[in-house]
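Labels for the chains are A, B, C, D, E and F, by order of writing; each one numbers its residues from 1.
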Amino acid sequence: MTSEATAVPVVRGDGRAPDQLRPISITRGWSKQAEGSALIEFGNTRVLCTASLTAGVPRWLKGEGRGWVTAEYAMLPRATNTRSDRESVRGKIGGRTHEISRLIGRSLRSIIDTKALGENTIVLDCDVLQADGGTRTAAITGAYVALADAIRFARDNKLIAKSAQPLIDTIAAVSVGIIDGVPMLDLPYVEDVRAETDMNVVVTGSGKFVEVQGTAEGAPFDRDELNKLLDLALLGTTQLAAIQRETLADAL
Amino acid sequence: MTSEATAVPVVRGDGRAPDQLRPISITRGWSKQAEGSALIEFGNTRVLCTASLTAGVPRWLKGEGRGWVTAEYAMLPRATNTRSDRESVRGKIGGRTHEISRLIGRSLRSIIDTKALGENTIVLDCDVLQADGGTRTAAITGAYVALADAIRFARDNKLIAKSAQPLIDTIAAVSVGIIDGVPMLDLPYVEDVRAETDMNVVVTGSGKFVEVQGTAEGAPFDRDELNKLLDLALLGTTQLAAIQRETLADAL
Amino acid sequence: MTSEATAVPVVRGDGRAPDQLRPISITRGWSKQAEGSALIEFGNTRVLCTASLTAGVPRWLKGEGRGWVTAEYAMLPRATNTRSDRESVRGKIGGRTHEISRLIGRSLRSIIDTKALGENTIVLDCDVLQADGGTRTAAITGAYVALADAIRFARDNKLIAKSAQPLIDTIAAVSVGIIDGVPMLDLPYVEDVRAETDMNVVVTGSGKFVEVQGTAEGAPFDRDELNKLLDLALLGTTQLAAIQRETLADAL
Amino acid sequence: MTSEATAVPVVRGDGRAPDQLRPISITRGWSKQAEGSALIEFGNTRVLCTASLTAGVPRWLKGEGRGWVTAEYAMLPRATNTRSDRESVRGKIGGRTHEISRLIGRSLRSIIDTKALGENTIVLDCDVLQADGGTRTAAITGAYVALADAIRFARDNKLIAKSAQPLIDTIAAVSVGIIDGVPMLDLPYVEDVRAETDMNVVVTGSGKFVEVQGTAEGAPFDRDELNKLLDLALLGTTQLAAIQRETLADAL
Amino acid sequence: MTSEATAVPVVRGDGRAPDQLRPISITRGWSKQAEGSALIEFGNTRVLCTASLTAGVPRWLKGEGRGWVTAEYAMLPRATNTRSDRESVRGKIGGRTHEISRLIGRSLRSIIDTKALGENTIVLDCDVLQADGGTRTAAITGAYVALADAIRFARDNKLIAKSAQPLIDTIAAVSVGIIDGVPMLDLPYVEDVRAETDMNVVVTGSGKFVEVQGTAEGAPFDRDELNKLLDLALLGTTQLAAIQRETLADAL
Amino acid sequence: MTSEATAVPVVRGDGRAPDQLRPISITRGWSKQAEGSALIEFGNTRVLCTASLTAGVPRWLKGEGRGWVTAEYAMLPRATNTRSDRESVRGKIGGRTHEISRLIGRSLRSIIDTKALGENTIVLDCDVLQADGGTRTAAITGAYVALADAIRFARDNKLIAKSAQPLIDTIAAVSVGIIDGVPMLDLPYVEDVRAETDMNVVVTGSGKFVEVQGTAEGAPFDRDELNKLLDLALLGTTQLAAIQRETLADAL
């Protein structure tokens, strides 16, 4: 290529530019029963996130004056193009499910001051109702909204002190990847399966990394590619953080 | 009470008359990936029903020239007021889940001509996103819509012959119960837990019974009470059948 | 058919009339170790029912001053014509087993005054040694005898007060079904598999319903058929109640 | 003690001499469905043994022209003085159950000519209905009778040639132990728990050992004690073999 | 053969005489973290034995002032010539594993004075890193060394009194078998699969039996063969006891 | 700090500089049975890696002319300071185990040309015998050696063509982390638990990334810290690659 100025711009299958997010939608309070909830959509990916707050902590944490936040991720059997067997029917949870549940839990805990939460437990359930790539990053981003509302609930119902600030930052996540040599933001399923490198990045509202998980699916990647992917990820999570702020701005 | 004419009419917690259904809503095609799908709501009860169609049948049915329809029911952990552990985490499916899955499967099979379906399998997944009583009856009623669309899909995609009519009737279900001596239709959770007798009735579009499952939760019931409950159930399923017809009337 | 008077009477494969029970036998105290036990036979169906009484109740019931009655149903692997794998070997309990265990438990609890039982637990184990149709109804009918003896044991051993009356009624169950259009009582396996409609009915000694579970196996059934089946069931359970009374009349 | 001649003879709790078996009873053909069956009683120990014969062998044995014999042992939950949880409910089989199933299978295989059996499988189910010590030895002794009848069935139904002799010997088993220094034959539960040494011995009809499993429960045992126990075991199994022969002498 | 005097002596595949052990090696303290440990080798069989000591006992033993010793045996998936699936992947422990774990536990408990151990628990983990026959006997022999060091640790760290003597004897085990009619000591895999009779014998340092487990794999065995096998086993365990003593003689 | 030049150099608990690996040892061929094996030590971390080669591939890959490489990671129960329950005993594999097994499998597959491997499967078992931090990175580094030898075995035994080159690069992994603000290489357990950020990096012999997994355990990390950690990781993996080359240089 002789000149970048005359290069034909890359257009993705769904018409987006390489550095553009899919349409993002967050329906706060979708579930009537949970202390906090959000139905989050990254394009056709649709995840229902609920936050369940209960007094008390797991036994191994008792008496330390600190709270606990954990997460469980799952997919409905027909969230995908072809039906998968239920993990409850198989009688065991697969490695992928475990791995993603752990990632969501760690990510959300990273912005929680467990002392300020007191001896309370919040379980974040992230159930994928429809999957089209990026389910784990949508789950983290939506779970933050559910978590924030559960903490608001705790404060409103005097389970924690009015002045307690368990949330020390916000958190959002996005996937990035390299397709045909081009770094791209927020991959749908059709791009995800073609990506040479695939990276999930979890970033706080203040722009710091909580998780960087890059995997070479095709060819190994070099330092320069890694840097371009991180740039894109920071771009995307900044926008997601703005949407989260907006969503949470109003009274429920 | 001296005279029925002057009796104060019974008004339920949610303002309904004893013989009145909750607001019913069916969103057809809620899921983009499944061959048929419906998000059905009986008041605050919300069940996502998907129908997954695949060529071929289970091994025990091979070579008989007949199809297979089966169902799986499940609840999201926070579909209820307090969170329940996931069955996938416990490593086994509970008795209640098994029982309801079997009921849904039997009900839907009762209106299928498996010869006309050919050697194809349809799995109906009924996932309760929010539970407020009557989840199994909502699941059956919604699964019918998903099933009808999966069969339409099969016909449109020439998986079955244009002239094949695997659906020989429609099917709907409703719960009825006796509360403080009064027979009532379509119980929400708050009534369900107080019912002396609780009955789930599955009825075809032509008004015949497929399942009658009555259980004395408090006091045993007599023949007269049983008859009043069946009257109410037929009233409710007739209305549900009309809503199903309407929902399926349009092209998708 | 011009006249009912000249109709040839229906004779069943085993020579019974449509409204006739199979030979019923109850061997009380068959097991030496249990607090109550009965080997019950409905024709070739043979179920060993034991009642195990222990002081105390499950944790969720503690401190309420009430007792607990529960049941577990199972089949020996070669109770049937072809051997089935053991559920212990498969590592999980099937849906049918769960469903029947729950039915037996609910049925027996319906005639128990848990306050009068005090904080004691009775587990009813119903193990099918030989299966020829109607195993769940035989199990309920036999479990009642075992339960009555366990309560007698509790009274004799001063685990409950001499004046306590935890049993508020008796309970028995029978299956009914429609075969070639004819309603019939107490179906053996060979009839059960041919039945268009199959119903299990659990009735108290005072003639009220505790469970009515009717299922259309072939064609849906109408109100009239339902009524004829209920008539037959009440006829059968009345006779079973008499046999239970007789069995329990003597000192052990 | 100065002289053995004047020693007071040892009398056991149930009145037996140290070298005496409990009353033995074998009810052949107790189960109507199995190809062979026996309800065996060693005193109050009561085991139902069924033999299920099917054409074909497990995959790993296919095409070798040899048959397979295997066994499964289990206990009803209330076979014992206090109720045990079902292994199906616990979701796994305990070590003791596995160990005994394997012992029974090995013992029965030791007297089978698998070539003569052809590619057929016999599963021996040994379900303890009542346990009072010696359940594994009763199971082996009863399973032999069920096995012999299943082979007779195979011959009568031409599943094996008329001249085929898959049974090359008979097999029986008995427990022996040392209690207060005295070697004793066929221990009931009350003696079993007190035994210093406990041994199960499986012996062919021709008087050779198939299994010798001796365990020091209290104090280790010496060569002399071992020899006395083996003497007793041979005495007992000779008598059991005679009872088996008698039981099988008649046409079924 | 006319005369035993001129018989050609039997030489085994690895050059040993029938009554000769394989090269035995015990590396004490192989694991840095456990309270006691030993890597034991019987020829190419290699088992890592660790003893984990913790204060307290299982719930069923609490308050009795006695300790508990138990064992778990397992094999690495590629300890054998062909890889086996992991039991953790299969989701259940096989019968053989259970059986051997129980054997090791019983054997080690037989030389423990649980009163002297106080309310402490020792778990012996025996993991087979390489298997070439005799893994269970190597495990018992090595576990003794790990156990002895764990007790030494308990004494040094004042978890038990300086004067407490929980070890009342030493324990070792060896396999013996009959191959082509010749009784042989300490069978490697290649001999084990060919053995007509296979016996594992567990013997205390004072020469008494704790376990005698003889199994006819091919033909049943008679009294004379049994005696020859026991002679060989006592010869082998005497030598193993000497090696154990030597290994434990030095300060760690 | 006024000047870097006069800063006291950081010395770690074990005396290493921040950019220094622990002593690395690889014992090639430690296991006699596997087609390839290595006992690898990173300080006190000790992992036994075996490669099991079998002809054929999993069903989903059949007929594609490509091979398969997968991995399973596990820990002995007493590899750690306090004993953990076996996953086989718990009946399920934990999330951490799944996650690490998947990481090892992906890493090794990234340097395999599956076409050149032909329809053969290699399973890499990585069993942690002693754990002191960095077990997953040691496992990847050791598994490479086992894999290389299994491929050599395949070539020597003509399971693949003499000219086939399934290995397209080498692979090694190391952990890095930030402790008290200082980036450090190859963390032992005592440092790992104190790290604010923890990163595992998998790098090919040609210096490209295959996996970058960074997690903020304490505070989130910024771009600059990320870069320093990657520098250290590349330094470490370059040294590990050299050790691997040396180890594999000789004939086995």
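As a working rule, contacts are C-beta pairs under 8 Å (C-beta built on N, C-alpha and C of every residue); 3 or more make two chains touch, one makes a residue touch a chain.
Here the structure is a predicted model, which means the values were calculated and not measured.
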Chain labels contacting chain B and also chain E: none
Interface sides of chain A and chain F: same vs different residues, half threshold: same
Centre-of-Cα separation between chain D and chain B, whole angstrom: 52
Rounded Å distance between chain C and chain F, as computed from the means of their C-alpha atoms: 61
CA centroid of chain D to CA centroid of chain E, Å: 28
Shared interface positions of chain D, touching two or more other chains: 91-93
Arrangement of touching chains [line / ring / star / complete / other]: ring
Neighbour-by-neighbour ring order, given that chain A leads and chain F comes next: A, F, E, D, C, B
Chain F-touching residues of chain A, taken from the complex the two chains share: 92-96, 98-99, 101-102, 106, 110, 169, 199, 204, 206, 208-216, 219-223, 226, 230
Residue numbers on chain A that touch chain B, as the complex places them: 31-34, 37, 44, 48, 50, 52, 54, 72, 74, 76-83, 86-89, 91-93, 97, 123, 125, 127, 129-130
